[in-house]
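Read through the structure below, which is laid out as structure tokens, and then see the notes.
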Amino acid sequence: MTQVSQFPGRPLLSGRPLLEVSQLVKRYDAGKPALDGISFSIRKGEFVSVIGPSGAGKSTLLRCINRMIEATSGEVSFEGASVGLLDRKNLKRLRSKIGMIFQHYNLVERLTVIENVLHGRLGAKSTLAGAAGHYSREEKRQATEVIAMLGLSDHLYQRCDRLSGGQKQRVGIARALLQDPRMILCDEPIASLDPNASRNIMEQLKRFSQEMDIALIVNLHQVNVACKYSDRILGVNAGRLVFDGRPEELTPEKISQIYGAESRSLTAELGEQYAS
Amino acid sequence: MTALQQIPGRPLRKEKVVIRLLLLGLAGTTIYALATLDFGGIDMAEAVRDTLANLKIIFLHPGGPRLSFLSALEEVIITLGLAFLTTLFGGIIALFLGLLGAQNLSPKPVTVVVMALVALIRAVPTILWVLIFAVAAGLGSTAAVVGMTFHSISYLTKAYAESFEDLDRSVIEALKASGANWWQIVFQAVIPSSFSYLLSWTFLRFEINFANAVAMGAAAGASGVGFDLFMASGFYFDLREVGLITYIILAFAMALEAAATRAKGRIKHAG
Amino acid sequence: MPADIFVRRFNNGLVFFLSVAALTAGSILITQYDVVAGFTSIAKAFAWGARNFYPDHHAMARLPEILRKLWQTVLMSIAATTVAAIFAAFMAMLGSRTTRFNALSSILVRGLASVFRNIPLVAWAMILMLAFSQSLVTGYLALFFGSFGFLTRAFIETVDEASLDAVEALRATGAGYFAIIFQAVLPSCLPQMVSWLLFMIDTNIRDATLVGLLTGTGIGFTFDLYYKSFHFHEASLVVIMIVITIIVIEMFSNYVRRIIL
């Protein structure tokens, strides 16, 4: 099932992939497993969307990669190191190399934009410096630069609870970028945003993925958005990987396989998108 | 992006400044207080040792020759009775003051006067109210209930008025449009729709009044378990009896707290 | 049937009023509350107050002494509250669902806070007085223990109610426990915690009067002395000074709350 995507102008990297997930299983208390033996791998700088009905296990999958949730069995390896075997200290080091973006932005709303963005540096700091919130001049300079790249310079010292949803998500992206990550995990980044803000966020993500060679794993609700921006799409249904391929390989039959009964409206949506 | 090499200056934010100044001020005051207050030249180490020994007797060997478990229970019920009367009287008066204090039910000048009155009542410590009324009624339950009622009035008026204000203006408007007068609106719309809040707030106050009633027993000669506590520790120096009384008060207070937490959950849930 | 609703509502109302009436009668009986004296005492107290309970010029001569005691009491209340708040903040981190080490630490902290809070202030004062005798330390410690219990619970609730989202985000960046506490939890919760702290100072100054009365210290004792020796003009001055202090502190607290919340 592993198809390798090739894009003109992008060198195919040799050697091991950036992230390898094999036979990942997560079982909450009782009942059906949330993840049921998922395997895939991701290369440097690749933009991968994960689609599937709600409750399919997309969120759990993302969180098992950086061990925000402990998997029941299976293996995740990042840059060749097995994530499951890391001790606390090395787990923090791993997390500092992987950014994360959330549906509800997860900012400290009472703090300013720049303070929230600087939180991206905490993983690289000693306990004391982290607790005291002491940042170097260089870190502050980087933060303002990233904020400027996201078009938020005017809001540098504004409290985050005064920002719009789209602006908050851009703060979330800036925080992830300041980690200088190899990969960013995005959990439904546009599910709470209006269409304009959604397009802006997706374009920013695409741009950083290409310019900085950051791999992205994006959980998405909207099939058309996934098709438009991704290099590759993973389809998840009931904890199993049922599709792994390029956007153009995603036929209506495949979609109905991923979404089951929900699929009809989604195929219609997809048709419209291709028509336009 | 060269212009951005320079980080723009950070504007001072008022709230942050206020919090820092306040905490700094409190820390300074505390250090000054601990350094200058006259602590009466007692041997701290010895006093701490004695207190620990006392606490051991109090909590590990409760009991006592004068007070049986049953009579202690009876005294707690008297304390509960004081708390109940106080809450009831306070609640009835606060119901009317609350209506006068709610901004959607009364004209602005009236609400201001009511709220100022209530703030003034609250500023006098409960024990002083009780002692002031004791001049007229004599030390005992009567003065205690009347004095404690004043504080209940002030607390409940504020709580009730806020509950009334939660009622949608449009409901009142609709009833007004149908020709209902003020009293009809109050009894047909305002009180029925906020009744469960009122009950919850009243219960929260009952919990506070129980603790107050214990205190008034000790400090103002009201009957009940507070008076026994005062006698046991102040007159007989009987630590085991203090232990028994403390345990019983603790049991009742915790039970009331559990019930009050549920009441609070209801307020938050609906709000 | 619509009639049923009205019948049921009437019956419920009747049951409610009857039980309140029964409880009231029972309470009046066991507490030996004198209903008539209760009502007449209010009128009598106000009439008496108008005649005797106001500061005269003899009382004004005592003002410096009264202010000194009041200042002492305010200082003691603030010191007890802030020190209790520091301990309570540590405990709240162990007790809150968001920041606790494990479920056991949370249960232990909540239990401890509940015991400290529910032992009444007077019991603390009486117990402590046995060893610390009639000194400010007794009052200080009594206020400290009560505030510690109350603030621990209030802080735990504050942290529990704050959003977990930011904590999750910081965990994902690889931030350590203390960085998360100081960079996400405290910035979100500090204003609410400060608001509780101010509330506690306000309460403690009023309670210090009671404790002072029992332990023979501070402004409470000053009032008691004047009161018991029938120097009501001086006693009234004490009350007025306490009222002014409390109202000033409350206005200050409200001003601070308006800015920070």
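The chains carry the letters A, B and C, assigned in the order they are written, with residues numbered from 1 in each.
Just so we're on the same page, a contact is a pair of C-beta atoms (placed from the backbone, for glycine too) under 8 Å apart; a residue touches a chain by one contact, two chains touch by 3 or more.
Nothing here was measured: the structure is a model prediction, and the numbers come from that model.
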Problem - From chain B, the most remote chain by mean C-alpha position - result: A
Problem - Chains linked by the largest number of contacting C-beta pairs - result: B-C
Handout entry: Whole-Å gap between the CA centroids of chain A and chain C
Key = 48
Handout entry: Computed distance of Cα centres, chain B from chain A, in Å
Key = 50
Problem - Averaged-CA centre spacing for the pair chain C and chain B, given as whole angstrom - result: 7
Handout entry: Multi-partner residues of chain C (each touching 2 or more other chains)
Key = 191
Handout entry: Of all residues in chain A, those that touch chain C in their complex
Key = 66, 68, 91-100, 102, 104-111, 115, 119-120, 122-125, 127-128, 130-133, 172, 175-176, 179, 185
Handout entry: chain C to chain B touching residues, read off their complex
Key = 20, 23-24, 26-28, 30-34, 37-38, 40-42, 44-45, 48-49, 53, 72, 75-76, 78-79, 82-83, 114-115, 117-123, 126-137, 140, 190-191, 194, 197, 206-207, 209-210, 213-214, 220, 223, 227, 232, 239, 242-243, 246-247, 250, 256, 259-260
Handout entry: Interface residues, chain C side, partner chain A - complex
Key = 163, 165-166, 168-176, 178-184, 187-188, 191
Exercise for the section: Show which residues of chain B lie in contact with chain C when the two form their complex. Expected result: 14-15, 18-19, 22-23, 26-27, 29-30, 32-34, 36-40, 42, 44, 46-48, 50-51, 54-55, 58, 77-78, 80-82, 84-85, 88, 119-120, 122-128, 131-133, 135-137, 140-143, 145-146, 211, 214-215, 218-219, 223-224, 226, 229-230, 233-234, 237, 239, 242, 245-246, 249-250, 253-254, 257
